[in-house]
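The following blocks contain the structures, represented as structure tokens.
What follows is chain A paired twice: with chain B in the first complex and chain C in the second.
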Partner chain A sequence: MTSFHNSPTLANQKNTNNFPKRNQKSPPKRKKKKFTLSLKIVSILSFLSFLAIWEIITQMGFIPPLFLPAPSQVVVRGYQMLIDGELIGHIFSSSRRVIVGFLISALAAVPFGILLGSSKTLKAIFDPIISIIRPLPSMAWIPLSLLWLGIGEEQKYAIVFMGSFAPALLYTIDATRSVNPILIKAARNFGASNLTVMREVILPGSMPSIFAGLKVVLGLAWTTVISAELVAANEGLGFLIMNGKEYFMTDVIILGMAMISLTVIIIDIVLNWVEKKIIPWREET
Partner chain B sequence: MAAIIEVRNVSKSFETKKGEVKALENINLTVEKGELLCIVGASGSGKTTLFNLIAGFEQPTSGEILLNNEVVTGIHSNATMVFQQYALFPWKTVLENIEFGLKMKKISKKKRREIADEYIKLVSLEGFENSYPKELSGGMKQRVSIARALASDSDILLMDEPFGALDAMTRQIMQEQLVKIHEQSKKTIVFITHSIDEALLLSSRLIIFTSRPGRVKSELINHLPKPRTADVQISKEYLELKSMTWETVQQEVLNQIES
Partner chain C sequence: MKRPKYMFWLILFSIFFILIFSACDSNTSNINGDEPIASQTITYGGSSWIGHLPAYIAVEKGFFEEQGVDVEFMNFSTSSERMTALASGEIDFASTGAISAISLMAAGDDNFSIFGAPDTYIGQEGIVAKGMTSIEDLRGKKVAVTFASSSHIMLLDIFNQHGLVLNKDVEIINMAGGDIVSSFTTGEIDAGAIWSPHFENLTHVDGAVVLAMDTDTSIYKNYGFGSGPDVLVIRNEFIKDNPNTTEKLVKGYFHSAHWIEENPKEAAELFVTLTNLDIDEQEQIINHVNWLDLEQQKDMLSENGELTGTLEFLASFMTENHLINNSVDVKEWINIDILP
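On to the complex of A and B.
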């Protein structure tokens, strides 16, 4: 084999190169930033006027507070419950259920999914079970889980697990299979073994889709936990809403709904941040 | 000289929804060790397909391909491909991409880095070592993919339109670099291009494919004197070769459009 790695002449040739240097930063970007900023202001204003209209309509007495309380009433209720610690307790217990159930299912589904995604035989073995479980809405598991596990925390974790496992598995299988085949060829062309292809290409290559899938699954986990709490629980945001209904405290219902929405939004922001940190190379699509 | 790649009676068809597509028909081709062979042919004439067969990504429908007198039966690492679509690993930086082939050869980190730096300089990407492919222009990506292939230092290079995305100036510099590398390293290079000028500038031999299904339409030994400077490119000999090649290619491109 002839090697020219050690030939000094190559390195010296760069002096003759006259590549046009490219500028990385272009001015139009700043303009775009300004534009998106003003769009954000529009969104905030629209949200505030929505609240204002709601407030005015309810304050003027067109709608009875039992039917729909004013936003200010919800805020006052929220403040009270925040002070006495009740609200945080509900948020915390729902979040804990979601996170524990979701993490267990992700920890099981992702490795299993990568395995199924890269082996046609394994996929064939598990296909029947998966295709039976897949169409089941997670709520369908509630009666059985209550019967098996009662109304305690285990049942909540189990129901979130059941609701998240199948979708997480399917997203992972898809992600593993959608790794651009030309990249696998390129790696093999440089002499990568099957194991190396797995480590160097399939694992990193499927990360963005796995992550995107898990974000959807986390949303599903929230749906599941709230439904489970609506049916049987003595704490959590789902319980809070249901309890509000029992005592005709509409402001508590609205507060609970707003808290679910807020928690999910915050988790989403955190996840997007984490995604940028662990997948900095992600290509916009 | 010894034959390093032998393509024997190779045909390749693909089953598609619309029926069978014949990409290559009865190709016979011998590449000598140390040659710089250019392949010219209309779009869709099966050039990439031939490379895929040589690299072992796919198997011929009939016929066989030998590399160093051994039949290719699957993917191997004896011929490094420069992919038409670059095929850079998006999760690796420029440096890590270029180091990939060396990493596969279990070369030490330090040595890898040294070699990669050399090739970063060669393709003038200093300052982009830690950029991800998404941060590069098409031409820059193409240069990374060339550097990655060159760095791995295999005896055979299969270059699929490697300079297609480069601007005229960069392209000329890269062509000169490639000629130098070829002369110094005695590598065997098979080079696909759409540009007749590029083929005449680089090649020691030139092959023209027919339009689909691809067959070897004609072959031409390129005796033009080296180095092929601007003077050579306006010589009578060059212009004759060029018009001859152009006529052949033109016919095939027209066939392609009519079909």
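On to the complex of A and C.
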């Protein structure tokens, strides 16, 4: 069995084709590091320039604050709400809804997707249902979810789940199907059982792509939480944005949007760290 | 010849600035609306709420047309959406809840004026619960209301009167009118605060009890108006560019209000296409509303008029309850000079 332990690297050959050639000279590490650092500086400068232009345009009165408030106004509002403890409450509520809804959908979609990706018969059975569910926006589930689950937190988790399940499933099916069939054949030739092929070849081979897909789905889950908080909510970033809309508080709307982006960035960093820990071979590819 | 590297950045920034400035330009022209539009269709922002009846009837019965103006009735589900459309120049005039108008004032928009009120209504909204007899019974219960609506103000006002603290004594949930009715029916919420026609639908639910009405609010007791009176709003640039059309519009509108008072049955028959209510029930609602005529507008919106007082009270109430962040002097938005 040990012969398959290295299979993840092999399994990803089909996807990557990025292996350095033997005679190719790799650039000196220091030069590469310097280049990466300068790219980061460019990114930071680009972001700061964007904020500066935005601030100047709004401060000079080209756009009324009702339509677009200055970034400084958004920062001041954010600070006030942070001191009140209000902002943290909204971030926590939305994050909890996203994480719970997303985890349930990932837990359901990944094993199911691997099964469908490995079996053409199963895929043929479930394909019509998936095709029906896939294009439905999460908002379309609101009336039914209210009837089925009421107005509690379960309804909000369900909206996030419905918005992220189909994409997570499709990413998983795709990742499973992209595992090099030669590796599967080779494993079988060595006498591996179906379970062993799944555990030693398909799972490690598809995991990097599944993880990459799940990261995209997590971003999608944040868009669905806005729909979830449209109905029967009194906290959460979606609620904050919608309530800001009702009172024409554009700075609150932008603050809510910025908080969603910031939270996604933080969760993304955490996910990248988790990815390195549980799929170390991804680095090699 | 190799282009210098900075050329790329120069082009990129140029495109960015062109986009930004063209966006600003289109915004400004929207806000200002400086094109003469008398010959074009004038857009009114409405909904199925009873306060839009005069405009709806004026369109349906051709009262605007008689004045030589072409008006389109455009539906909006909330006052804030209607006021956003007014602020961005998408609609020209509207009847709207005062809460939304005051919120827009607090946000710093001075591009619109209040020039009247279509009605004073009582008995059109209230708090409905099951198995309770008083407001105090709501302690520890779940109450749904549409935030930033007149019912929200009514709820806050009545809770203040009974010493109930929001989200401490009572859990408040933000829901749209239709959702309040369905959640109340299924027992997901213990009570709902809502306006007509959802209010009537709520009272039809088995075991429903009306705990309080808009007549119980301090606003009504002091000024005789509901907790979020309807006000008529119009874009300032529209008035500036079309003074004659504005006058015709106002005449057509109040002619319609007068006609409704004399023909409530026919008005109900026309309006049920929007509300889906029973005609008799619709007629009852119309008869409950006090339709205001043109002559009453100047008095109500004068320095010491009841509507001016109500709006000032509301603005202070909203500031005190942290619904808006800036205090506003509503008198700066009142314009009765356009009334013929």
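One rule holds for everything that comes next: the second predicted complex is superposed on the first by the 247 of 285 C-alpha atoms of A that agree within 3 Å, B and C clash if a C-alpha of one lies under 4 Å from a C-alpha of the other, contacts with A are read in each partner's own complex, and residues count from 1 in each chain.
Simple rule for what comes next: a residue touches a chain if its C-beta (ideal position, glycine included) is under 8 Å from a C-beta of that chain, and two chains touch if they have at least 3 such contacts.
From a predicted model like this one, the values you see are computed outputs, not experimental measurements.
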Which superposed partner A:A258 touches (first chain B, second chain C, both, neither): neither
Which superposed partner A:A108 touches (first chain B, second chain C, both, neither): neither
A:V201 touches, of chain B and chain C: first, second, both or neither? first
Partner, of chain C and chain B, that touches more residues belonging to chain A: B
Contacts of A:K185 with chain B and chain C, given as first, second, both or neither: first
Touching partner for A:I130 - first (chain B), second (chain C), both, neither: neither
Residues on chain C engaged by chain A in the complex (per definition of touch): 16, 20-21, 23-24, 27, 31, 78, 80, 83-84, 87-88, 100, 103-104, 106-109, 144, 147-148, 167, 171-176, 179, 182-183, 186, 188-189, 323-325
In the complex, chain A residues that touch chain B: 1-5, 7, 9-11, 13-14, 17-20, 22, 180, 182-183, 185-192, 196, 200-201, 204-205, 207, 279-284
Parts of chain A lying in touch with chain C, wherever the complex brings them together: 53, 57, 62-67, 146-147, 150-151, 231-234, 239, 242-243, 245-250
Touching residues (chain side chain B, partner chain A) in the complex: 55, 57, 75, 77, 79-81, 83, 85, 87, 89-92, 100-101, 104-105, 115, 118, 121-122, 124, 132-134, 137, 140, 152-153, 155, 167, 169-170, 173, 177, 180-181, 184-187
